[in-house]
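Next up: the structures, one after another.
Two complexes are shown next, each including subunit A; its partner changes from subunit B in the first to subunit C in the second.
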Partner chain A sequence: MRKKHLAALLLAMAVAPALAQTKVYRGDVLTVSGVIRDELGNPVPGAEVQLLEGATVLDSTTTGSDGSFTLSWQVPRDHELGPVTLTVYVPEQPSLYVEASSTTLSVEVWALAVLTASGPQRIHRGDTIAITGSVQGMDSGTVEVRRGGVTVATGPVREGQFNVSLAVPSDWPKGPLVLTVTTQAGSYVDVEECQVSAELWIRPEIVVTEVSGG
Partner chain B sequence: MRGEAVASAALMLLLLTPAVWRTVNSSPSYSISISVTPEGGSVGDSFTTSVRVTVHGLQAGTAYVTLWTRDPGGAERYYRQSPQWTYADMPVDYRTAWTLTSDKAGTWTSCVSLVFDGEAPDGSGYQEITRCVYFEASDSGGGGGGDDPPPGKKPTKLTIAVNPDRVPPSQTFSVGGGLFDASQSDWWNYPIAGATITVTFNGQTKTATTSSSGGWSVVFTAPSQEGTYTVRASFAGNSQYDGTSASATVRVQRPSKKNCIIELIYPEKVHVGDFVNITVVLRDAETHQEIRGRPVILYVDADSHEIESGSTFTIRAEYPGTIDVGARFEGDEQYDAAYDPGGLIEIWTRPSIEITHVGRGGE
Partner chain C sequence: MIELSRRYLALLPTLLTLSVALAAAGNQVVRGQALTIRVRVTDENGNPLRGVRVHFLDETDGVEVGVDSTDSTGYASVVWDTSLATPGAHSILIWTEEADFVESAQTRVSVVVLSPAELRLSVSAPAAVRPRRGFRVEVTVTNAGQAAALDVAVSLNESTKGAGDLPAGASTTLEFTAVAPDRPGEYSLSLLASGTEWGTGRRLSTSLEVSYRVELEGVALEIRAPPSVREGESFNFSLDLSNLGERPLPLSIQVNLTGARPGRIEDSLTLDPRSSVTRAYSATAVEADQVRISALAQGGDLRAWDEVVIQVLPADSHHPPPAEGGATTAPPQPPTGPPPTGHSPRAPARRGAALAVNVTTDVRARESAQSPVREISAAGSTLALVVLTVLRGLWRVEDP
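Up next is the complex of A and B:
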C-alpha cells in the first residue's frame, strides 16, 4: 500500500508541472480527460464528474464503463487573463457508494490579439502615410509599425481600431518593402501580427543644370 | 403411521407360523353368530340375546360391532357399541349378551352389525354386515311369571390417562385409568375390581388387573421415532359387565432445547480495499453467555461458509456496492436453531481522479 501511494505521488509530481503549463485562449474550448478509479485501481463507471471554476459548474459528464471521462469548457471571450484553478469534482453518489472527491488543475487564460492593417500601396520618401486597421481580441493598447525589426511608428488602439501616421524616412531604399504591424504584448496576451506590403517609388527630381542656346 | 403399523404387523406375523403369515395379504375374515332365548313368550317375559363375533386378519382400518333391540313399535330399547378394533387387537373374539323384558306384544328384533371401516372382507373400504333374531311376545297373558328377570350385563365405563403425555423417545411412561359400573350413576364412579384391562400401544400389548378402586396401570417404553401415538385400553367384558374401551394419545418428542441468539458483528460501512471482519457470536438466550466453537453458517452474498461461533471471517471489499451477510445456527442437542438475517455492509469508494489529458479544442 505504501509503495503504491509513493508511486502515485511521484506520478502526480511528474504530471502536475506539465499540466500547469496548459494555456488556453479566450474563446478556445478546453478539454480535460481522465479516469476515475477506486482504491484498488479499478475504474468506477457511471459516476458523475464535474468541472468547476470556483463554485461554478462549467461542465459535467458521467464516466464510461472504463471509468474514463472528458469534460470541456469554452473559455469566455471576456474571461480574466492569467492563471485559473479548475477543479475536477466527483460529488457524493450514494446509489453508487461513491464518496466526494476532487482534484485541481491550473490553466492560463491568454488573449490572442489578431491584427489586420492596410496602408497605401505606393509610398514615397518624405510621405506621411496612414496605417489603419483593427485588433481582434484587444480593445486598447499600442500598435507598433516595424520595418526590419526597428520600430518606425507607434499609435494607440481605441475600441479595437488604430490609425498610425508614419513619415517615410528619406533613407529607405526604393522597391518593395514590408511593414510589420504588431502590438505591445501585455501579460497573458499573444499577438498575431500582420504585414503590410508597399512599394517605395522614387518621384525623380529633375534638376536642370544648364540651359544653353544653340 | 399406517405404513409403519402395517410394517410392524407384518414383522410380528413373520415371526409366527407360516399359516398365519398367509393371512397378511388377504382380506379380513369374520364370523357372526346371534341367538335369542327363548324365541317367544308372553308379554312380560324376559328374553336374552347372545352375540359372538370373531374377526381375523384385519391389517388396516378398524372394525367394530353395534348391537340393538327394537320393540314391536320400532322404538330402540337397547343399543351398545363395541370398542373399535385395529390390527393390534387381532384376532378378536367378542362375546356379549343382553336381556330385556318384553312389555309389548309383537315381534321384538335384536340385531348385531359388524362394521369394517378402512379395509373390508369384500375388498372395499367399508362394509356393514347385519344379522338379526326375533322374539315373539304374545298377549295371551296368564298373569304368571311374577319373578324379576335375571338382570342383563351392566354397562361399564373405562377411563384412561397417559402420564406424562409427552415422552422423550425411548423413555418409559405409564398408562392408567379406572373401570367403573356405568349403570349405577352418572355422577359417582362405582369401581369394578379384578377385571382384566388389555392395553395396546405401538404394537405392544400389556394387561392389568383392576384394583379394588377400579384402577389399573401399565408401563410402556416410547419408540425412538417421534410422533403422536394412540394408547388403547379395553375391557373385554365378563358375565356381569359389558366390554368397553377407551383411548388416549401420547406424544413422543425430544426434550425441548434451550434457545440461543445468533449475532453478527460487522461494520456497516467500509471502503474498497478494506479487509472486513465479520464475527458470528452465539449466545444463550437466557443467560446471554457466549457459546463458542459451535458450527455456524455465515452467508456472504450467495456464498455460505461454515465457521465456528465466536470466530471472525475476513473478506476483502473489492467493489463499491453492498455485501449481504446473514448467519444461521442449525441447532444441536443442547440448543435450538437460530437465525440472524443480518444486513448489508456498504462498500464505498473515495475515488481517485486521474487527469490524463488537458488540452485545447479537439487536441
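Up next is the complex of A and C:
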C-alpha cells in the first residue's frame, strides 16, 4: 500500500482553487492535509472537516489548535478507474460560528499491474519452455513475452496467473538471454513489467563422417 | 516390363549382399592398422561449431584414443593405432566437452578389430613312395586370422596353384602331383603359400617342409642248374628269387626251356619284403647239344631275368652229372628280346652269396631301367650290364 499526500488550504467563506490532478493507484492511501482559517487568516481550531466522494464521507477529523487537519482515504481495489473529484468539506458549526465551506480535489484512480515471472535457466533452440507468473492488480488480460522489443509469445491471465508457452526459435544466438514479461495496458492502468534471465545453450550434434583404415 | 522386373529381382540378392558387405567392411580394421575417425560437430541448424574439444575413447579396452578440437568447418579427427587393440568389436565413445554455451554431446561408433590374416599349410601325402612314381599331394591352406587373405597361391616345388581369396577361417585344398626321385632315401616337399592381407596390403607368406621316404624296391632272380646232363635224363634246377623292396611283391614266373621238356613252366608267388625263396623244378633233357633255361620273374613293372645253358652229354657218356648250380650262366640279355642262342662256357663252381647280391642288385637296376618312366636312364642300364659281366668274369677267374 502506498501513501499519497495532498495538501489543502481551506479558507473560511472562500473556496480554494482545485489542486492539480493527482494520480493514485487502487490500494493507495491518499492523505489530504490543510489548515482552516478565517477570513482574517486566523486558524480555526476544533472545526470538523470531512473528505467526501460525492455524498460519501470517506474520512473526517477535527482541526487542531493551529487549524490544521489531516484526512486519509485508501483507494478501494475495486474502485472505478479514472478521474475522481474529492471534496474537503467543513460543515456548518453553529457552536463555532462557522458556516459550511468546501473545496474540491481532482484525482485519477489508476491500476498498477505488477508482474512476476519465472522460467528455465537453460534453454535450447527448438525447446518449448513455459514462462509462468502472476500479475498483481490484474485478474485478467494478456501477458506478452518479449525479447529485444519483439513479442515472442503471449498468453492469457486467469485469476492473476499466467502460463505462457514459448517455442525457442532456431535463430536465437547462444549465450545469456533476457526475456521481458509485460502486459497490454488499458486506460488508467500502469504496468510494472518483469524480466526473466536465461541462457541459451547449443545442443551439438556429432556426426561420424569417416572411419577408415590407413 | 515383366522381363525388366525379373532382371531387377535377380539382381536384388546381389545388391543386398553387396550393401551388407560394404557396411560390414566399413568399420573393420586389421590390428596394427591405423584407423582414422573423423567427426563433424554442428549446432541444431547444421552450422559448424568451432573450437569444441572432442574426445575419442575406446570403451572396450578403456583407452583414450585421442582428443581434438573442431576446426572452422566443425571437423575433428584422430588416428587410432590399433596395434595394441584387442581383436573383436570395439565401441568408440565420442564426446564433446561442455563450454561456451555448447553442451556436452556424445555418440558411438563400432569398429571391429580383426586379427591379422594368417596363412597355415597342412599337407596330406604318402609317407613313403616308390622310386620314380608320381604321387598325389593334397595341400590345404587355411586363413587362421580374421582379416581376409587375398590372391592366395600355393607353390610346391616349381608348380604354383591359385587358391583365390580366403576369408577369415576359410580354407581350400589344392592337389599337386609330385614324382619321387630315383634313389631311395629321405626327401622333402617344399611348400609355400603367399597372399595379400585385406586392408593393409601386407604380404603374407608361410612355408612348410614335409619329409617323405623313397622306398627300396627290386627283385632278383638266379637260376641254379647242373652244368651238364645226359641226354634223356631228368635233372633238377631251381630259381632263387629275392624281393629287395619294402612291400610284399606278387610275382609271376615264366621259365622257358630249350632242349628239354617241358618247354615252358609258369609259376607265381608273393614274396614278403626283403625275403628270398627258392623254387625247384624238374625237366628232362632231350636229344640236343645243350639245354637253355631262361627265367623271367615279373611283379608289376619290376622284372628280373636270368638264363643258363646246360651241356647235354651223350646217353652213354661216363661223365658224372655235376651238381645243381653248376650250369653256365648265359650272358645277361634284355628280357624283352629273344634269348641268346650261343653256347656259353661251362662254369661248374657254386655261386657265392656275395655274387648273388651283386647280380640281383644289377638285375634290379637293369629291370628298373626298362620301366616306361625310366627310358631316360638307358645309359645307366647299359652300365649295369657291363658291371654284371665284369663281375661274372671275375667269378670265373677266381673259381678253383
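To be clear about the criterion, the second predicted complex is superposed on the first by the 193 of 214 C-alpha atoms of A that agree within 3 Å, B and C clash if a C-alpha of one lies under 4 Å from a C-alpha of the other, contacts with A are read in each partner's own complex, and residues count from 1 in each chain.
Heads up, the rule we're going with is that contacts are C-beta pairs under 8 Å (C-beta built on N, C-alpha and C of every residue); 3 or more make two chains touch, one makes a residue touch a chain.
If you're wondering where the values come from, they're calculated on a predicted model, not measured in any experiment.
Participant: State whether subunit B and subunit C clash or fit side by side on subunit A once the two structures are superposed.
Facilitator: fit
Participant: Output check: A:96 vs subunit B and subunit C. Expected answer is one of first, second, both, neither. What do you get?
Facilitator: first
Participant: Identify the partner contact of A:209: answer first if only subunit B is touched, second if only subunit C is, both if each is, neither if none is.
Facilitator: After superposition on chain A, A:209 lies in contact with subunit C alone.
Participant: After superposition on the shared chain, which partner residues are touched by A:199: those of subunit B (first), subunit C (second), both, or neither?
Facilitator: After superposition on chain A, A:199 lies in contact with subunit C alone.
Participant: According to the contact criterion defined above, which of subunit B and subunit C contacts more residues of subunit A?
Facilitator: B
Participant: With the two structures laid over each other on chain A, which partner does A:124 touch: subunit B (first), subunit C (second), both, or neither?
Facilitator: In the superposition, A:124 contacts subunit C only.
Participant: Of the two partner chains, subunit B (first) and subunit C (second), which one does A:37 touch, if any: first, second, both, or neither?
Facilitator: A:37 contacts subunit B only, not subunit C.
Participant: If you take every C-alpha pair with one atom in subunit B and one in subunit C, what is the shortest distance in Å after superposing?
Facilitator: 47
Participant: Considering the complex alone, what residue numbers of subunit A touch subunit C?
Facilitator: That would be residues 124-126, 170-171, 174-175, 199-214 of subunit A.
Participant: Taking the complex as given, what residues does subunit B use to touch subunit A?
Facilitator: Touch residues, subunit B against subunit A: 271-273, 318-322, 346-363.
Participant: Residues of subunit C touching subunit A in their complex?
Facilitator: Going through subunit C, the ones touching subunit A are 26-30, 33-46, 49, 52, 54, 75, 77, 79, 94-96, 100-103, 105-107, 109, 111, 199-200.
Participant: Which residues of subunit A touch subunit B in the complex?
Facilitator: 8, 15, 19, 22, 24-25, 28-40, 42, 44, 47, 49, 68, 88, 90, 96-99, 101-103, 105, 107
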